[in-house]
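Two complexes, one shared chain (chain A), two partners (chain B, chain C).
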Partner chain A sequence: MDFFLQLLVSGIVVGSIYALVALGFVLIYKATGVINFAQGEFLMVGAYVCLALVSQLHIPFWIAFFLTMAVTVVLGMIIERLALRPMIGEPIISIIMLTIGLSSVLKCAVLLVWGPNNRVYPQIFSQVPINLGPIVISQVYIWSVGFAFLFLALFTLFFRYSSYGIAMRAVANDQQAALSMGISVKKIFALAWCIAFLVAGVGGVFLGNINVVNVSLGFFGLKVFPAVILGGLDSIPGAIVGGLIIGILEAMTGGYIDPLVGGGTKEVLPFVVLVIILMVKPYGFFGTEEIEKV
Partner chain B sequence: MGVMLNVNNIEVIYNEVILVLKGMSLEVPEGKIVTLLGANGAGKTTTLKAISGLLKSEEGEVTDGTIEFMGEVINHREAEDIVKSGIFQVMEGRRIFKDLTVTENLLVGAHVRRDRENIKRDMETVFSYFPRLKERHKQVAGYMSGGEQQMLAIGRALMSKPKLMMLDEPSLGLAPLLVKEIFEIVMRINKEEGTTILLVEQNANLALQVADYGYIMEGGRVVLDGECEVLRNNPDVKEFYLGQSEAGKKSFKDVKHYKRRKRWLS
Partner chain C sequence: MSAHICGDYKTSYKEDMVLFQTRASKFWLVVFLVALYALPPFLGNYTLYVCNMIGIAVIGALGLNILTGFTGQISLGHGAFIGIGAYASAYLVMDMGMPFFIALPCAGLITALFGMVFGIPSLRLKGLYLAIATLAAQFIIEYLMVHLEGITNGVLGKMVDFPSFMGFTFDTDLKYFYLVITLAIIATMATKNIVRTRPGRAFIAIRDQYISAEVMGVNLFRYKLMAFAFSSFLAGVAGSLWAHYVSIITPEHFTIGVSIQYLAMIIIGGMGHVIGSIFGAIFMVLLPEVLRSISGGLSGHFPMIVNLFAAIKEGTFGLIIIAFLVYEPDGMAHRWQMIKAYWKLWPFSY
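Then we have the complex of A and B:
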């Protein structure tokens, strides 16, 4: 039982980071219809930027963290402006190809600047674990899950109550009608990319603190696909729930099944889930099946 | 009172080849209701989109002539700036945001407003015109009936406090009684809010009763215009626009339905 709870906790921690990255992914998909294959690289860039600020420029971690948020927002803006805005009106498939290119560009840029070696964050969170009844949680896990949920909650409130959040959902529903309300669809697109980069970057910082930092962090982005397919490509709550479920499933298979078969199932399981979901529930559990009313 | 909107001899081309408006002109005086009538494909919606700037989102372009609103040429402005300057188009087919609630739809209508503090009050005004929206304010808009959706579309327009409201076939697909109700509210909005109205309609009979002045379009230009009273008694208008048989109306409706579905998909 303790072992189960322990796995559950680490599943939730990793799952909450999946949820963050998935949130950004869904946001872009909802607002612009683009499937962003560079989402994992956004996370990687976030991890590297914060690490550079902390260990190369010796900026205290929390300041570096907020600076990283600012940097990711600006990067999101630049990428939207230079790469994606000129593509508005082009076929979606071309834009999707462009995001694949973008993921390579970001990976190369990181390799050029920081090289291929593993890097680690200096110790930021106390190593003393915290005992919660039968389970033991390291402090970095607590911070990580706390911030992930904070961001998820903030953005949920943003989409629900703020004028721009509601406008984003309106654009996702009917672009031309949104235009007729005086909403600047271009601004909304830019905002979607900024938020997507920001949430992935935040996820990257914490993941970097949990694991080592190297370019393979970008592969984390692939795990987002099972998460969002599970939750429904266009559903924000779905992204959150999907991320958590994939995180938990992964931890469970890692704990229970990997020892039996000698490892490897953990990596495969999310994609098995993906295939099954696509077969039985192609819109995911929260995705909209068009309201048909004419 | 002065002329609020002046469409002066415009030409509109889609996709750089399809010439749709060929010297279209009309004037909308401040505070009045003007109606624009015409058969399918005459170019009524295109005229409205040229004014509101939505043409640009459909590969359409005003290639000649000018559109002046309150003395300023607006035909090169972006749609968002045109909404900010006070023109609001209620698009054909209602186009409510179906995953948003009624309240959220109304808030989106107020997106360009700077005086956020008055928004609550104006929402109450909208609810006083359309009490049914108030009852349903938490409901997801996509599940509302066609009539309620049309009310929401007009209410949403009101939320932006436009100087000029352009309505594109608000009667489309609604029961006659409901059409009458909606037209009465449009007239009240015109009187009580002082909103100038440009009304595009297929239902010429009703439109000529509520409007002050009418234009009749054919093939991308105006073929006839005049005070609505005069138009109502014009023999040609009587024959072509007011004397439609019931059977004719029905088949026409089916055509519309098909057309709209196609546009949804594209």
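Then we have the complex of A and C:
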């Protein structure tokens, strides 16, 4: 039972970061109709930027954290302007390939600047673990879950109440109608990419604190696909629920099944789930079903 | 050649579908083929190696172009299908003792079968959802390649012999070149012909507007599966040729990166153009080789560059894809047509 709870906790931690990355993913899909294959690289860039600020420029972590957020927002804006805006109206495959190309470029930039070696954050969170009944949780886990949920809550409120959030939902719903109501769709597209880069960057900072920082952090982006498909590609609550479920599922298979078959199941099971969902319920738990009319 | 045609004088649909539109195009094709078969003995081993890789990539890219370029079904799992072909052929030849020339089509058929299984979701899924489903197929097949150790020998890799036929072994780059190039030409001609038959027209109809295609009587399920089967068959053949050429295969050779590379080939070459697969394959195989020789040349001045080679390769790859998508979305095939059109009436273009 203790083992189970321990797995559950680490599943929730990883799942909450999945949820953060998935949030950015869903946001881009909702507002601009683009599937972003570079989401994992956004996370990687966030982790590296914060690490560089902390360990190379010796800026205190919390200041570096907010600086990272600023940097990611600017990067999101640049990427949207240079790469994504010329692609409006192009076929899906072109846009998919464009984001794949983008991920290669980001990976290359990180390799050129920071090299291929593993890096670790200096110790930021106290290493004294906290005992919660039978389970032991390290402090960095609590911080990352806390921040993940803080951001998820903030953005939920943002979409519900702020005028920009409402404008974004309007664009997602119907671009033409939004345009005629005086909403600048271009600005909303840029905003979507900024927020997506920001949340992925925050996820990256915490994931970097939990694990080592290297280029393979980018693969995290691919694992978000099962989460968003499970929750529904265009649903923000779906991203949160899907992220948590996939995180827990991964931790459980990692704990119980991997020792039996010798590893690797943890990585592939979410994709098996994905295929099953696509076969049974293609629009996920909360996604809106597209109805095509001739 | 003064025999250029200045206008369209076709009076029947059949004339429009003819493979060789002018006598000149037939002539130049024959010249090209003769050169292809006559020149290799004068080339070095490295050049031949690159040519063989291009030939194999052409076959794989033709397969993906049928599926993605002509039928409009995005596949992110082509690398895994090539892997299935490679392992199937390796298993049939090495473990079952089957002769290579029987194992090659068998590997293609086995891959086609897998392709059809993973093509079933395409009936319900479109566009982005299908892309993600094929991404899942890629990861599941990769997992199987690592874990079905009885067939694949897992991460240790499987040794594969050079193919032989009635006591003749294709064991040098030159001998292999003739094998690869012959199969690549057959694959190109087959694709050219499939595209102008009933299934080919059905594929294009599905790509352009699947609802109207269905209304016109195209059985979507059947033709989508057929596209998956054709595509994976060629992927399997490419995989088989590749396995017997490099002589050791591991699951790492068939990752998502390979799938992306093949997608890049058809995008850069031109989706929905048979010649685009050839241009794209040449481009994508040559790119790393050219970069390697440039960085080799520069390493005297900048010793750092060797360590950064992987990063530079990755970045150039990404930049080229982005540049093509933004500035030349129809790929090199389109540029090629423009060049041909320009020379058609030269020097009196106006």
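Keep in mind that, in the parts below, the second predicted complex is superposed on the first by the 288 of 294 C-alpha atoms of A that agree within 3 Å, B and C clash if a C-alpha of one lies under 4 Å from a C-alpha of the other, contacts with A are read in each partner's own complex, and residues count from 1 in each chain.
In this section, a contact is a pair of C-beta atoms (placed from the backbone, for glycine too) under 8 Å apart; a residue touches a chain by one contact, two chains touch by 3 or more.
From a predicted model like this one, the values you see are computed outputs, not experimental measurements.
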item: Comparing the two partners chain B and chain C, which touches a greater set of residues in chain A; value: C
item: First (chain B), second (chain C), both or neither touched by A:Met181; value: first
item: Partner chain in contact with A:Met87 - chain B first, chain C second, else both or neither; value: second
item: Which of chain B and chain C A:Ser104 touches, first, second, both or neither; value: second
item: Which superposed partner A:Asn173 touches (first chain B, second chain C, both, neither); value: first
item: Touching partner for A:Ser163 - first (chain B), second (chain C), both, neither; value: first
item: Those residues of chain A which chain B touches in one complex and chain C touches in the other; value: 294
item: Of all residues in chain C, those that touch chain A in their complex; value: 68, 74, 121, 124-125, 127-129, 131-133, 135-137, 139-140, 142-143, 146-147, 211, 256, 260, 263-264, 267, 271, 307-308, 310-312, 314-322, 325-326, 329
item: Partner chain B, residues of chain A touching it in the complex; value: 163, 166-167, 169-170, 172-184, 288, 291, 293-294
item: Chain A-touching residues of chain B, taken from the complex the two chains share; value: 52, 54, 57-58, 78-80, 82-84, 88-89, 91, 93, 95-100, 104, 107-109, 111-112, 116, 140, 142-143, 146, 149, 156, 160, 173, 257, 260-261, 264
item: Chain A residues within the chain C interface of the complex; value: 35, 83, 86-87, 90, 92-94, 96-98, 100-109, 111-112, 115-116, 222, 225-226, 229, 233, 261-262, 264-265, 267-268, 271-272, 274-275, 278-279, 282, 292, 294
